[in-house]
Every structure is written in structure tokens, then in C-alpha cells.
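Here the structure is laid out as C-alpha cells; the discussion comes afterwards.
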Amino acid sequence: MAILDIKIGKIKLKNPVMAASGTFGYAREFEKLTDLSLIGAIITKTITLNPRQGNPMPRICETSAGMLNAIGLQNEGFDNFIKEKMPYLSRLGVPVIISISGNNIDEFFILAKRLDKIKSIAGIELNISCPNIKCEGLVAQDAKETYEVVKAVRKITGKTVITKLSPNVTDVVKIAGAAEDAGSDAVSLVNTFLGMAIDIDTRKPKLGNITGGLSGPCIKPIAVRMVYEVARNIDIPVIGIGGIMASDDAIEFMLAGATAVQIGTANFVDPGICVKTVRGIENYLRKHKIEKIEDIIGGMEQK
Amino acid sequence: MAILDIKIGKIKLKNPVMAASGTFGYAREFEKLTDLSLIGAIITKTITLNPRQGNPMPRICETSAGMLNAIGLQNEGFDNFIKEKMPYLSRLGVPVIISISGNNIDEFFILAKRLDKIKSIAGIELNISCPNIKCEGLVAQDAKETYEVVKAVRKITGKTVITKLSPNVTDVVKIAGAAEDAGSDAVSLVNTFLGMAIDIDTRKPKLGNITGGLSGPCIKPIAVRMVYEVARNIDIPVIGIGGIMASDDAIEFMLAGATAVQIGTANFVDPGICVKTVRGIENYLRKHKIEKIEDIIGGMEQK
Amino acid sequence: MKDIRAKILSNKKTGHAYYKMVIDAPYIARAAKPGQFVQIKCGENSGPLLRRPFSIHKVERGIEILYEVVGIGTRILAGKRQGDFIDVLGPLGNGFSVPRAQGLKPRAIIIAGGIGAAPLVYLAEELKKKKIKTIALIGAKTKNLILCEKDFKKAGAEVYISTDDGSYGCHGFVSKLFHKILKTSESKFMTVVYVCGPHGMLRCIADICKERNFECQLSLEERMACGIGACLGCVVNTISGNKLACKDGPVFNASELTW
Amino acid sequence: MKDIRAKILSNKKTGHAYYKMVIDAPYIARAAKPGQFVQIKCGENSGPLLRRPFSIHKVERGIEILYEVVGIGTRILAGKRQGDFIDVLGPLGNGFSVPRAQGLKPRAIIIAGGIGAAPLVYLAEELKKKKIKTIALIGAKTKNLILCEKDFKKAGAEVYISTDDGSYGCHGFVSKLFHKILKTSESKFMTVVYVCGPHGMLRCIADICKERNFECQLSLEERMACGIGACLGCVVNTISGNKLACKDGPVFNASELTW
């Protein structure tokens, strides 16, 4: 049997497949549909300090080989999350990584500080890249801001910190470098691409928020390229995200340099996809007689 | 009959549908397959001052609802272009726009200067955004460089100048603004997104050049959003490009703010698509009782 | 709730513009309640990315869905053949709640607009089992779009029809028919109204129910991605805040909604 | 060259792993030459984005293609039924050139590896019409993958078989068979070799032809987007620079190639 475990910061994962934030709810939604204990790690829907109502409907629309979403980080806020979701998550026996976002550095800091005290949390993912909140640019579009947010969180917590990057940038390597410099244990990329769609008959935008985030197989080639660029230029682990629909896609990201992957949109199409992906990776390793998953990380051969 | 004509700089187009550079060869390749005279304008494959061999094979690979290409601007160079392609193009009776690229400002300048003298050329498109040539970043990823290239070309020619923008940027509005400030008559966007794909069995990149440009329906939502942003923020016409497969897509770009559109990848799938798109737009205008195509430009209704 | 790779037992055009598919999914058939739905993957390697939601129309040999071809997903579905396999996730959502007698005897009025008939036939069958007197009002644009008249009759309901163009039954919207029925029918019952159809119709029926103080359960259609409460894409505004059409619905009590 | 929406006259599995499709495209049938190909849109609203290239295998009732299911496009194609319509663009490319007598009488040796037989049957038929003596060597991995034996015989060719596993005909690669044939057969002819198959085989045959001073025409398969010389995606390196497989090929003279 191939060895599938990997390490991200202090977190030991039994396999490199994680469920991506915002696409796996708070895990419980999937309990009847898959064996949660077989997933490498679960990243919960991004929470904020205070509850957020999210964006007006419609919030989703399908596009060619993808979907746009403009959920707008709807969530119950930190306190309710701890009360209502944490007890279940604590019992799962799988590393649980809490995704957080804030309107400013302070909010990130406060959230991280509070999460730091909760033993059953394996790590924190900093969502500085959600395109669905109205403000001037994203933190992850600016190296300095990225550095500052990560630094503030790093100061307050010894837990594993993953910084989630936006693909809506000229040079993702620069932003990844800023996260690394500020002490992030890993970077995950990509979050969604800012996109939009218009109904030509009603002339109205297909999303209530006008713009939204594009995800799904359509974005995979860009995401793989970004992971490839980042992995060659920083020393902390890279977690690949974007359009993974099957184990082949996960392996592609790992060959490009990802230490682990996250599956997003595909969870909507097949609630068992995370576990299937783990099995598919196992089969691939067996077929190619590779002993450790580590051996394929960054294993693309330049010809 | 609806009025379809529009104007881009000094060029009068009988309809807003153009064939995009690099996807329509030098038009002759399509002569038996479609009525070239019905197309709004034709943009020829980007030429450079000197001949270019282009990139190693493989140069194309299909992705979900898209394709990657790494042609690498293969072309015969300016002199051969004038000798071998221009005579045919001159006879077409359709506005012909010559796409040019250079390794530095000088090359753009020289090419523009030479093209300026050729009467039968309607305009020049500056390809400062091809991701398939090896150098440190693209001109179109930097507002200052964009300004300088456009300015140099603007100085030497009175012909209509269109600046073709890259989507691989944090803030496309800024680059569009630089092109406008430098005197560009219009901007066209988007060129392809930098992407890549790996064959997981051979572990080799699917493209000889490793990375390539992503095009096709998969990129449309991002392209529409960029056109929307740019059109609201600059005063020169915007030409929408990216994943147009049918007239509905062209109309979507126009509602988002495009004055005209270019069709790329779809020409490979259906060599008659440009003409079909013109007809489809006509039908839409008729169905919605719109008299002039101009009335739909930027016509998206915010709800 | 399970995700099942199920065999298609039949898939046939029914009436003028609709299709009926019978799917061999015994688990879902056993677990289902009227008003619940399934998420179906319409394409295999190609086709749309997301699943499509369809109400459970009947539970017999397997589960049945009744659908209209409106886009790419339903077009691919219509092309499926007996013996093909599809992925079906369900049963999902809350479903209708059947009235329980409290003082007055309960009476159900079912109101179906167009394809909105789909979930209501299963409900009518359930009401029959519970021996609840049921009236079914079926509305559509024109005669050949009237759906499930026989099915409702078979389920023991008293059936009334209306068409927008008057080609069959009452002339006008089904809400007009509803008014008419209320005028003529006795009111010694505790009436519960069940309605599914276009948005405008739902509002109209809900308003009438409010006036009359009838409980009104409506089945809403929102764009869905996951169908299981994970994506937060299908939000419905209610007096107690955001609810999810897929998980808290698709059936809502009209009095909850802020529209 | 035309883009035609054509009816499928038949689409059947042939032998162990291949399919044969007959397409009603009289214009292409009339205009075609052996070695040319067509670009087929495999999916309609869904399916792969780009067309897929297929050699013209025969020209009879319509045009025939012979294909192997290797991925999404060919899988969708295999699911098409008689009466369905598909978009076919062709004929494309240059095609083989038939030898003309110069001094010595011409003789053709056709060498087909696996699915490489597809374009060569049409060629054999043409050679028959031109009354050119033809030998056909067919190679495959194993017996049930040997293609078109009957077709080549019907076209009057002298047929020899080889299989990698020796399950039928000569044991070994078709290049070994080629060597053998050359040893036994007379050489009073001007020999032209036509070959289509996997890359390694093409090189091997080309080398043998070079030694013997035979003209060798090979049909190359490159990834294609447009098929008409517009995208520059299908470049082949030749002694006279970049050429296009779709427009200048797919048939190249081995002596032109720089490999």
C-alpha cells in the first residue's frame, strides 16, 4: 500500500485531499453521503467575526464547465459557529481547518486569537481572496496587505496557518512570497476568478451581486499554472485548488508542485468525490509503482 | 432591418463582429468556407519584424470547454507578410487590421511606421499580451510599458490603433487607462490566460512550451467581467473577446459595454461562425425591436 | 439521503411538452415524502456541470419524475433511454406536511400551475391514503399543457381545470378558479392549500390564503448547486432570516416568507 | 473543402475495438483523394470543444471513417446512431500521390499499423483503379486487432499480416515483415511505400526505405485545432522549415522530414 500521508505545517494528514472552504458546508451536510473520516482534512465555510447575511439572490449560475457564485460569505459569525458547529466538527477525527475572513487586520487577529484557544482545531485558513465582498480590491491582490494580515495572525497563533491566494493578480508568486515571509505555514490557491454573466433577454446580470467567483473545471489550466509557478519559487507547501473533478486532476496539481489539494465545486456534483479522489490517487501510485505520495510532488518532467 | 454598423477609431465596420488575431490565419484559409465580405473586420495573425519559428510541438491541447495554445507567434516576418499575404487581403473589401508584436518599443515603432504607408490597411492591433513568448512579463502587465508602446506607435501613425490587453493582471482598468492616455483608439480584451496542463502518465507538460494561452468558452465569464469594468471606466471603445461561440455570447459582451467583439477559438470549431454571429445579432435586434446595434452597447440593467 | 447510480426504467414523452422518467431507486422510493426532490446528474462525461433538481412525482415501480425540456440539462435527460444509468441524489428537502385534524376536519386544496403539478400528484396520493378530502385545481396556458388530470382523479381528488386561453376548463388564471371554488364550496373544513407553479401565481394564491386564513404551503424553485445545504446558493428570505430552499424547503409556509 | 451537416448512414462496431461510420456527404465523397481527412464535430451542445480529425477510409455510399475509441470525442462518436446528423468539414489535406511509371513499372507497398489502416484502404482502391500492383502489409498487436484484411484483398492487393504476439500471420513488428517481403519479392519495379501507423513504426519503415532508395509517403497524426492551416498548431519540421500537418500534409515524403 502506497504511503499517502503528508504534512502541512504542524498538521499531519493521512492523505492530501481536503474539502475546500465554502463547498463542504460544516461537514455535517455530507455525513450521510460519504465517510468523512477518510478525507485528508476539512476546511469549513469561511466565518467572520460577526454574522453576515450574504448577497442577494440569485447567487449561483452555471457557465461553460464552471459556475459563478456570489454567496457573499453568508455565515452566522464566530460565536454561533463555535456553539453550533464546533462540537460536531470536534468529534470527526479528521483535521479541521477553520477558514476565516475579516474586514480589516483586527478582525483577522481577533478571530485567530479566539481560534487559537480551541484545541480541536488543526489550523486556520486565511481567506484573503474572496471576490464576493464589496470593497476596494482584495487583501490577496496586494503583497504588503497580505504580509500584514498574515503577520498579525502569525503573531497570535502557533496553529498551522494557511494563506489562501487569489488568482486575480498579475503575479501570484509575489503574493505567495509575502505570505511566506510573514510566516504562513502554507499557501492554498486558487480561490475563485472574478467573473460575471448577463441574461441577454432580461438584460439583467445573472447574479444578484452582478459579479461573482468562477470555479470548476474551466479554471483548472490557469490554477495548475499558478501552482507550478508558486511551488518553484517558495519553500512552504502549496495546496492546489481549482477545477479538480477526479483524481487525475489532483495528481496533475501535485505533479505541478502541490503538496496537497482541495476539492471545491466537485463536492456539489458528487458528494463522495473527496473519498473517490483519495482512492484514485492510490490506484495511480500502485499502477505506476510509486511508494510515497511525496514522490510525485513537483514531479513533472521538463522535456 | 436593424442598423449594425459601428465605428472603431476611423474604421467604419458594417457590423461589430471581427475575426480575432491568430485564429483566422490571413483570411484566405477561410475563403472557401465562408463569405469573408460579410465579416465586420478581420484581424490577421500577429506579425513581427523578423520571421519567428514559434514554439516546439505540441502546441495545442484541449481543456474543459477550452484549449491551450503555445504557437509562439510563428510568422514569416513583415516583409514576407507584405509580399505574400497583403495582396489578397487588399482585395477583400473588408476592413483589415494588422496585429503586430515586437520584442521592444523600437520594433513596434518600425512595424507601425511601415504599415502606416500601406493604404489598404484599416488599422493596427498592438498585441502586447501574447503569453507565448519567453520574456519577463508582458507589456500589457505594466501600465507604464503599455503607455510607452502605445505612445510610440501613436506618434508614427494616423491609422486606427487598437491595444490588445492581457487578462493576466490584477487591474485591467489601469492598463486600459494607460492605453487610452497614450492615444489608443480602442482597446480589445481579452487575449488568452496563461495556463498549463500535464499528462499524468508521461508526467510531461502537454505543451512543448510548458505553459500556453487558455481560450474558449471557459474564459467567457472572466472576459465579460473585464470588459464590463473597462467599459465603465474609459471613454474609447472596447472590443470584447473571449469564448464567443454564438451570437448570444457576442450580445452578452455588448450588453457589458463592448462596442464590437472578436471571435477566436470558435473559428476552429465552425469556420462560418463569424457570419452566423452577425445573423444571430440581427435576429436578436429584430426580436427585441431594437433599431440600432448601438442601443445595446453597455445596455445591461443593474437591478 | 443517498447518492445512487440508478437504472432508467422508462423515459417517455407525455402530453405535448413534457417527459416522464421512471428510475429504479428503491432506497429513495422508500425514504421519500411528497414535496421532496432529487438531484440528477444529466450528463456523464460531458453536459452541464451541476446536477439538476426535480421533484419526486410519483413513487411506484421506482421514483418518477415529470419534467419539461427548458435547457441543456433537461434536453440531455430527454435523450436518455431505458436501461441507461444516471446518478440520483435524494430524497432531498423537507416535503409537504399533511394536515392533522384539530377540531374541524381537514381539507386539502391542491393548486398546480404548469409543471408545478409534478410534486403535487405524489402529495394527492398521500392525502388519499390519509383519507383527506382533496380538491385539485390545475392551470396551464392552454389545453394540451394541462398536466396530470387523470393522476389527480385517480388519487381521488375533485379536479377543476383552468387555461389562460380558455381552451379547456375555466377561462383565466388558476387563481381565478381558486376564488370561484372557494365561493361555491362549503367552509366547514380546516383548509390547507398546497401550491406549486410560477412565482407570480404563488404570490397570488398566498395572498388569497392570507385573506381567508388558510394555511398555505408552497414549493419554491430556486437555482441550486448542491441541493444539500452546503453551498448557500438557494437562499429564501423568511421572517426568521435566510433559509435554504434545498434543505429548509423547498416547501415553505406562505406566512414565513418575506418575498 | 466544405463544412457539411451530414446524415449518418450507419455507425457500427467492426472487429474487436473499432467502429465504422458511413456519412452521407456527397460533396466530400466527390472531392476526396486518398490520404485526405475530415474534421468532425463529435458533440453537439456538449462534448469536446474542438473537432476531431479522421482519415477518409472509403468512398462508397458516402464517405466512410474507421475509428478507434480513445477518448471523449470518439466515445461520443461511437454513441451516434443512424439518422443522426454531424458536422463534417472536408476533404482536408494533400493526400497520397500515386506513382507514375518512369522507366520501371511502379509497385506500391502499403504498410498499415493498427488504426493506420484507415486511410490506406481508400488508397489501395485507387491504386487498383490505376492498375498498380499493390502489396499490403498489415500489422497489429494481436489477431483480433488486424484491420481491413478483406478490404485490401478486395482492392486486389497481395496481403501479408504480422502480429506482435504472433497470434496471426508473421510474429513480430510489421517492419520485420517488410524486411522479409523485400527479401523474397522481385525488384524489377519502381517501389513506392505508403505507411500509416504509430510514430516508431513510421520512423522504422522510413529508415528501411531510405536504405533501399524507395520513395516513402507517410501519413502523420498531429494534434489539430482548425484542420485548415489557420491556427499553426500542427507544425511538422521539414528540411524546408515548418510545415502544417493539416494543410501541407498529413502525407509527407519521408525524405522531407527532419523528425
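All chains are identified by letter, namely A, B, C and D, in their written order; residue positions are counted from 1 within each chain.
In this section, a contact is a pair of C-beta atoms (placed from the backbone, for glycine too) under 8 Å apart; a residue touches a chain by one contact, two chains touch by 3 or more.
Quick caveat, the model's predicted, so the values are computed rather than measured.
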item	value
Touching both chain A and chain D (chains)	B, C
Both-way neighbours, i.e. chains that touch chain C and touch chain B	A, D
Most widely separated chain from chain A, with each centre as the mean of CA atoms	D
Interchain centroid distance [CA atoms averaged], chain A/chain C, Å	37
Euclidean distance of C-alpha centroids - chain A vs chain B, Å	34
Interchain centroid distance [CA atoms averaged], chain C/chain D, Å	56
Shared interface positions of chain C, touching two or more other chains	48
Two or more partner chains touched - positions in chain B	65-66, 216-217
Chain-level touch network, classified as line, ring, star, complete or other	ring
All touching chain pairs, where touch follows the definition stated at the start	A-B, A-C, B-D, C-D
Touch list for chain D against partner chain C, complex	43, 45-48, 72, 75-76
Chain B-facing residues of chain A, complex	63-66, 68, 137, 141, 168-171, 193-198, 200, 202-205, 208, 210-211, 214, 216-222, 224-225, 228, 243, 248, 251-252, 255-256, 284, 288, 299-303
Of all residues in chain A, those that touch chain C in their complex	22-25, 29-30, 32-33, 45, 53-54, 57-62, 65-67, 69, 71, 74, 216-217, 265, 267-272
Chain B-facing residues of chain D, complex	1-3, 41, 48-51, 87, 89, 222-235, 241-242, 247
